[in-house]
Every structure is written in C-alpha cells, then in structure tokens.
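Take a look at the structures below.
Each of the next two complexes has chain A plus one more chain, namely chain B in the first and chain C in the second.
After this line comes the complex of A and B, so read on.
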C-alpha cells in the first residue's frame, strides 16, 4: 500500500476543505441556492468573528456551560459510586451489568418530553437529559474497570497482606483508572451534545435556543455564525477532554 | 471481595426481581405522593396502551416513525458503505479524506437540525435526512476500520496466485469486512434512532413528536408513558435485531 508523505496528506486535507469552501461560495452566488437556506461564506464568518470578539453570546454560553457542568458532575459522582458499589461483588455485577447495558440501548432522548413535564422549560430539563445520557457510559465503564481487574494482582496483594484501603488505592484504582477515564470522557462529550439537542427541542436560553430562534427569524447568516461557534466549542471540548484522558492514563503508569 | 459459593438464585432471576421491585416501588410512590398531572403509576400507563393502539392517528404516527427510521437506516448503510470502501481501500485517500470525515462526525449535529427543517420541510423527509446525517458516519468509520485490518500477507498471496481485482474483493476483502460491517450497522441503527427521534421531537405535525408534546401539554402522563414505552420497545427491538445479526455473522471469525 502506498502512502504519501505527511506534507502531501496535509495538502490534500487542506485541498478538500478548500473545495468544500469553494463549492459553498459558488453555490451561494446570486441566483443559485436560496440565501435563506445557505448564506454565502463571507457574512457567516463575519458573524462568527463578531461572536468571538463581543460579549453578545456570553449569557447563552453561560447557561449552556452551567447545564453541562452540572449534568456531568451529577452523572460522574452517581455513575462512579454506583459502579463502585456494584463492582464490589461479582454476583451484583452479573445481575446489574446486563440490566444497565440494556437500559443504555434505549434512546434516552425519548425521556425528554417527560423531563420537560417534570422540570419545565428551563435548565432543569436539560440537566436531567444530560445526566441521563452521561450516566450510562460512566457507570458501565466503572464496572468494567473495577470488576475485571486481573485476579493475579488481587491475589498477590492479598498474599502480601494488603488491607482494604491499600487494595483500593494501590491495586484497584491504577488498574481500573484508564477504563473509568474513558467512560468519563464519553459521558462529558455526549452530555454536551445531549444538552445542545435538548435546547434545540425546547428551551428558554442557551446556545441551542439561540440557533433555533435565529432559524425561526430567518437570520441565516447569524444562525450559521452561531452554528460555527457551537462546532468550534465541541471541537475544543473534544480536544481538551481527550488530552486530559491521555495525560491521566500516562500519569498512572 | 468475598467469593460466596453458590449464590441464592441465578443472576437472571435476581435481575427480574430487581426490575419488579423497582416497578412496585414506583407504583407505591406514585400512588402515595405523586401529583397525577405529572407522574402516573406504571399500572395506569399499561392501562393506557389500548387507548394508544385504538387511535388510528397515533398508530399511523408510530408507523411513520418506523418508516423514517428504516429508510434512514438503509440509506445510511448503502451510502456509508460505498463511501467507506472508496475511502478505505486506497491508502492515500484514507489518510487524506478520513480526517475530514472524522471532523464532520465530531460536529454537534443537533445545532444544524433547524437547517434540515428549513431545507426539507416539516414532513418525514427532514427526519430521514437528519437520521442519515447521524447514521452514516459510524458506518463509514467501521467500514474503513474493517478494510484496514485486512492482513497484507493474504492480499500478497492472492495476487501472487494471479487473482483478479474482483476475485480479491469477493474472496478476501468482502468476507473480512463482514464482522465490522455488522458492527457498523448496529452503531448506525443506534445513531439513526437518535437522529430521527430528535428531529421528531423538534418539530412534527402528525408524527410521534406531535403526540408526545400533546400528551405532555395536556397533562396526561398515562398516555405519555405508554407512548414512550411503545417507542422504547421499538428501539430496543431494532437494536437487538442488529446485535443478533452481528453475533450471527461474526461467529466464523474467531479472532
């Protein structure tokens, strides 16, 4: 299999992006695509720049970030604790692991109308949906990490007279940590996506709400600017969280 | 961690008992404390099922949703596989174009949902398109991954024995791809369900999104719970079908 040099790859990737950008520009020339559906690139980037340099988006950004952090913290604490409790006994793992995995396969977004009914249109319902979605990968990975630590380590530690606390800190934690961390990364990212989704469906404030209300007012260029902002934010979150995960895994070894 | 010999009952029965205990707890709590405008005991939700299935409009809405999911799934698999093969079979395109696809995969699609409605209207087309936008990426990525773990000696052997391009594809590439193909189908199904349901909940005039909203706004939790239970059952059934297919067709592939 032939493979180009690194530079050539980067050039090709840049070329593909330029082609997409070119097609976007060409398609939005007067008389082609309706500018309500797809505005030309220039005003979109101008709006994106305005969002970056002014404080107009801050109130909505603050709402979304607060919902996201709250949802993630609740899911992380409850998921890790429940996972730890279940993983203490092999029998409980056999009983609850398939149950949780089965619940995970139900699309949680179905619960959103219920949450709207319970918690209202405000941040409450978004926190609830974000928590529900983030909870499952976290609890499942905590169980997977803690319950399947290599038996040889446990036997060795026991035979050398480790007590419960030593066992937890020196054997279980380091062995399970990378897997638990992967669960936390997944939970963190999908909580953000779920909250954006919840805000798009029904909300009073937040990034998703902003995009929907701009769409309903036919402010396409501003809407695209906001979409770019949300995409950029998702990338930054993704990058930061993956970096933390990689660092955490390396630190443990 | 103590190893108890011979637990009291098999894990399967214990699991069933745990589910029943949760339902009983819910029933008791809902009857004693809950406001009937917001929460209903599970028995009332079950009692509302006949009402759901006797209303032809609701049955039709469920049918429309199933149609949207299946159409979006077929499009995702067909187009995603084609793109995945085109990108994955060539080393260079894989290194050049795959990052762009991963870039698109990582965008939060919920933010572009209003766009789908603007361009496809509020009917099933927008839901199908949004479902495809969710389902196509896992299919592409797993197809590329499936082609990638093709072992080079197999290809060399086939070529040195004079196999044609088509023979290489049908006897080596294709059988090798089957396990990851079904994994891709399963992940694609999960994603399509999410996309279609998200779009349904966002805007719909006669689909299940309309009815969930109607039941929530008219404060009739039994109907709402019953409808959600029906949809969850459909989702789990479709997921299980894909999972069974995955297990069945990857069995020969011992590694």
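After this line comes the complex of A and C, so read on.
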C-alpha cells in the first residue's frame, strides 16, 4: 500500500515534468514563440550535451565552484564558532538569538551592490554574498542545537562525572548534531544560489556570467543549455547534501 | 541492624528557591536530618512537591543545599561524586544516539575505566538486568520498562557503593513496575549496595525498603521513619502478606494529612501555615 502510493507520487512528479516539456515543445513549434526568446527543446538539449561532454564550461565552472566552496567554508566555520560561543551563555542566547533571526529576515542580496564596491567585480563580491546568506541558517541552527539540549541528558552526564570536554563531545555535540547539520545543508544550498544570482547581476566570470553574456549575444539555445546545466547542478548539490545529512543523522540516531 | 554503620549523613538540610522576602519564594526542604546505614534500602515518600527529589539531588551533589550539610563516609558532598554515587532518573536519560551498551559504557569512559574492562562490566550489568540480548539496540527500540532496566544497568556498571533512584518506575504501568520491583529486590540483595529510592507508591516503598522515611508537606521535613523487618530478596508472597498491608496502612495514615495539606496549599495563594 505504502510503496504503491510512493510510486504514484513519483509518477505524478514525472508527469508534471513531462507536461512542462510537452508545453515547451508545442509552444516552440514553427510559427509560435520566437526562437530567440525561447528556443525549442532539441537545440537546448544539444547544447546541454555539448557542455557535459566538452571542457568549454570548465573555466567558468571552476570559478563558480571555488567561490561557492570558499563562501560555504567561511560561513560554516564562522557560523558554527559564533553559534557555539553564544550558546555557552543563556544570557547571550536571549540577546543574540532574536537579533540574528531578525537580521536573517533582511534580504541579503540588497547588500550585493555594496559588496561590488567593497570587493570588486571578481570572485570577492560573490564570496561575500554567498557567505552572508549561508551564515545565518548555520549560526541560528548551531545555537538552536547547542543551547536547547535536553537538561536531563546534561544532568545524567554530570552525575556520571563528565568533565566539560567530555560533556561537549559526548553529550552536547551529538545532541545538537542533527540540527546543526540541517543548518549546514541549508547554508550550502543557498550559498550556491546566491553566488549564481550575484554572478548574473555583475561579474567577470562564472556560470551566471556565462548565462548573462550568452543572453546579451542572443545565443538563446546556448543560454538555455547553460541554464539547464546550472539547474542540474543545483539539483545534484541538493541531492548529495540531503543524502549526507540523512546519513549523518542516521549515524547519530 | 546490629552493627549499623552510617554511610550518608544528612544534617539540617534546607533548600529554598528564591530570595528571602520574595512572595514567590518556595521552601522545598526545611532542616531535614537523616542517617543512612551501609547496605540498607531507604525509601523517601511524601506528597508531591515536598522536596524528595531535591533531597536526593542534594545527597548526590547535583544541587547545593541552602543550609545544612551532607557527608558521605565522613566527606562533605560538594558536587557529584561519581566514584561513590550513581543515579537512576525518572525520565529516560539514555542517550538516543548511542546503543544500549554504549550508553552503559559512557559513564565508565568519563571516569577513565580501561576500554577492555568497560566492555566486560557493561555486558555483566546488562546481563544482570536481563538485557543481554539488547546490547546493540538503540533506546528508541526498547519499551519503557526496558529503558529503565538499561538505566539501572548503567548505574550498576559504575560499581558505586551508593545508588540514588529518583522515582525510576513512576512513568511505567503498574504491572511493569511490579515485575521490575521484584527483580530489583533480587538484584539489590545480591549487590549489597546502599540505596535511596524516591517513590510515590506506598506499596512500592514497603515492598522494597528496609526503612521508609515519610516527608511532610512543603516545606518538607522528615515526619517519621518506618522500619520494614523483612529479609531481602523480597518474594512476591510478601506483596500480598498482611504485614505489608499493615505497614502500607500505617504509611497511608501518616501521609494522608500531608497530602491534604499539599492540596490546600495549592488551592490558596497565601503563604499558608
């Protein structure tokens, strides 16, 4: 029964994708939508295939991936450290938790023009926007994980003679781990999206830069091929990170 | 009880929450004094909120009293003393991310027990509580009764002389707690540990204890101590004996007024008597 309904869900999801693809094919038949605005599926997929099988996209891909990894690492290290420091004191949690949550609700992309002035058109401004956006879910989840560990666990560990270090490694960390991991997953994914967005606004290289310059040259089929590539990448990143998260949580149970 | 040797001495222990003069100030315990002799099982019983658990936490060094002292083997208690005292808590405090045996071994690891010895001790104590076949299960895979057995195994594995049990069976159904109570009596008769056992259940108190200390309504004081002259391990026939019933009735009479007092304290907002 359950696996049957699971199959039905998958079929519906596949069906929706097929409907979109069909509409795309139908809409771009000769005499319908201008192929400069929306090229038919066939040349787009041909271009997508070229991107997968040649090295032409590698320089831009490398730029984007490097920005993304750098931004994520900075956000992860700073977010986890700051979250840990804040979680050490109940007073600090009361002060900074709502403050950070409030700042999180500001659309950080508005800072991008400022970052362009600060860090220039190169990777610096993309790393800055990626870091800013990824930082908040990571720090907030670290606080949520560490500051709200069940008191009963702490009391039990104390009664068994845990010192501070043992308390942290054997109780606080594993108790907080699933929640921190969720923050890291969110940060990882939205950092990628923010960097792509930043590149399309203003940049010298990268996937987003490629897409914008192809659009400006009216190379629509190539542009959509690149967009497909970016979508596929985001999809894979999401899948991999969610898999890692699920594995990590299973290990801790 | 001919050569009674005092292990734990509680002298004039009071515990208050909130500053003096604060209308919300609660005096949980008031000059409680108690001597616990080596190898005995003492039950603390009293109305809700009378400070039974507070007293237990103070004895175990998890809380500091406002006034008064607790000594174990003549040494004043200033914090947890895991070499001497192990706890079993009411709520499930097994770590859900560790298997049962890893839970049992953790406290030993905290205290620097050698790795090879940990395995052996953990398995022995799990066997003693009847969980030898569940060593690699996670707590979420066990029933409530089994979780409490595992908690007991964790405490036993620490090989302390003193065991402090804070309503360990309170969250279980009556049938499960009857069986656990019988098993506990058998197990503890073998180990010869000194035990303080907090409970709400009159029958449980009489069935398990050598002595039952009855606490008054808040602020908690020791009202009376009842002796249960019956060898360990207690058999299930003791459960239905007239002796147990008579002691239970005596306890009930002692507690009845205190429970009433507690109820009226809750009904009124004034400071009360």
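The criterion applied here is as follows: the second predicted complex is superposed on the first by the 237 of 253 C-alpha atoms of A that agree within 3 Å, B and C clash if a C-alpha of one lies under 4 Å from a C-alpha of the other, contacts with A are read in each partner's own complex, and residues count from 1 in each chain.
One rule holds in what follows: contacts are C-beta pairs under 8 Å (C-beta built on N, C-alpha and C of every residue); 3 or more make two chains touch, one makes a residue touch a chain.
What you are looking at is a predicted structure, and each value in this text was computed from that prediction instead of being measured.
Of the two partner chains placed by superposition, A:27 touches none, neither chain B nor chain C. Contact with neither chain B nor chain C is seen for A:59 once the two complexes are overlaid on the shared chain.
Annotation for chain A, partner touching more residues between chain B and chain C: B. Within the superposed three-chain model, A:166 lies in touch with chain C and out of touch with chain B [touch as defined at top].
Residue contacts after overlaying the shared chain place A:155 against chain C, while chain B stays out of touching range. By the touch criterion defined above, A:16 reaches chain B but does not reach chain C. Looking at the shared chain after the overlay, A:120 reaches neither chain B nor chain C. Of the two partner chains, chain C is the only one that A:175 touches; chain B does not reach it.
Within chain A, not a single residue is touched by chain B in the first complex and by chain C in the second. On the chain C side of its complex with chain A, the touching residues are 60, 62, 80, 82-83, 85-87, 89, 91-93, 95-98, 106-107, 109-111, 138, 140, 154, 158. Residue ranges on chain B touching chain A, taken from their complex, read 1, 3-4, 7, 11, 14-15, 18-19, 38-39, 91-92, 95-97, 99-100, 106-108, 110-115, 117-119, 152, 190, 193-194, 197-198, 201-202, 212-213, 215-216, 219, 221, 224-225, 228, 231-232, 235-236, 239-240. Those residues of chain A whose C-beta lies close enough to touch chain B in the complex are 1-4, 9, 12-13, 16-17, 36-37, 88-91, 94-96, 98-99, 102, 105-107, 109-114, 116-118, 154, 192-193, 196-197, 199-201, 207-208, 211-212, 215-216, 223, 226-227, 230-231, 234-235, 238.
In the complex of the two chains, the chain A residues touching chain C come out as 152-153, 155-163, 166, 170-171, 174-175, 177, 252-253.
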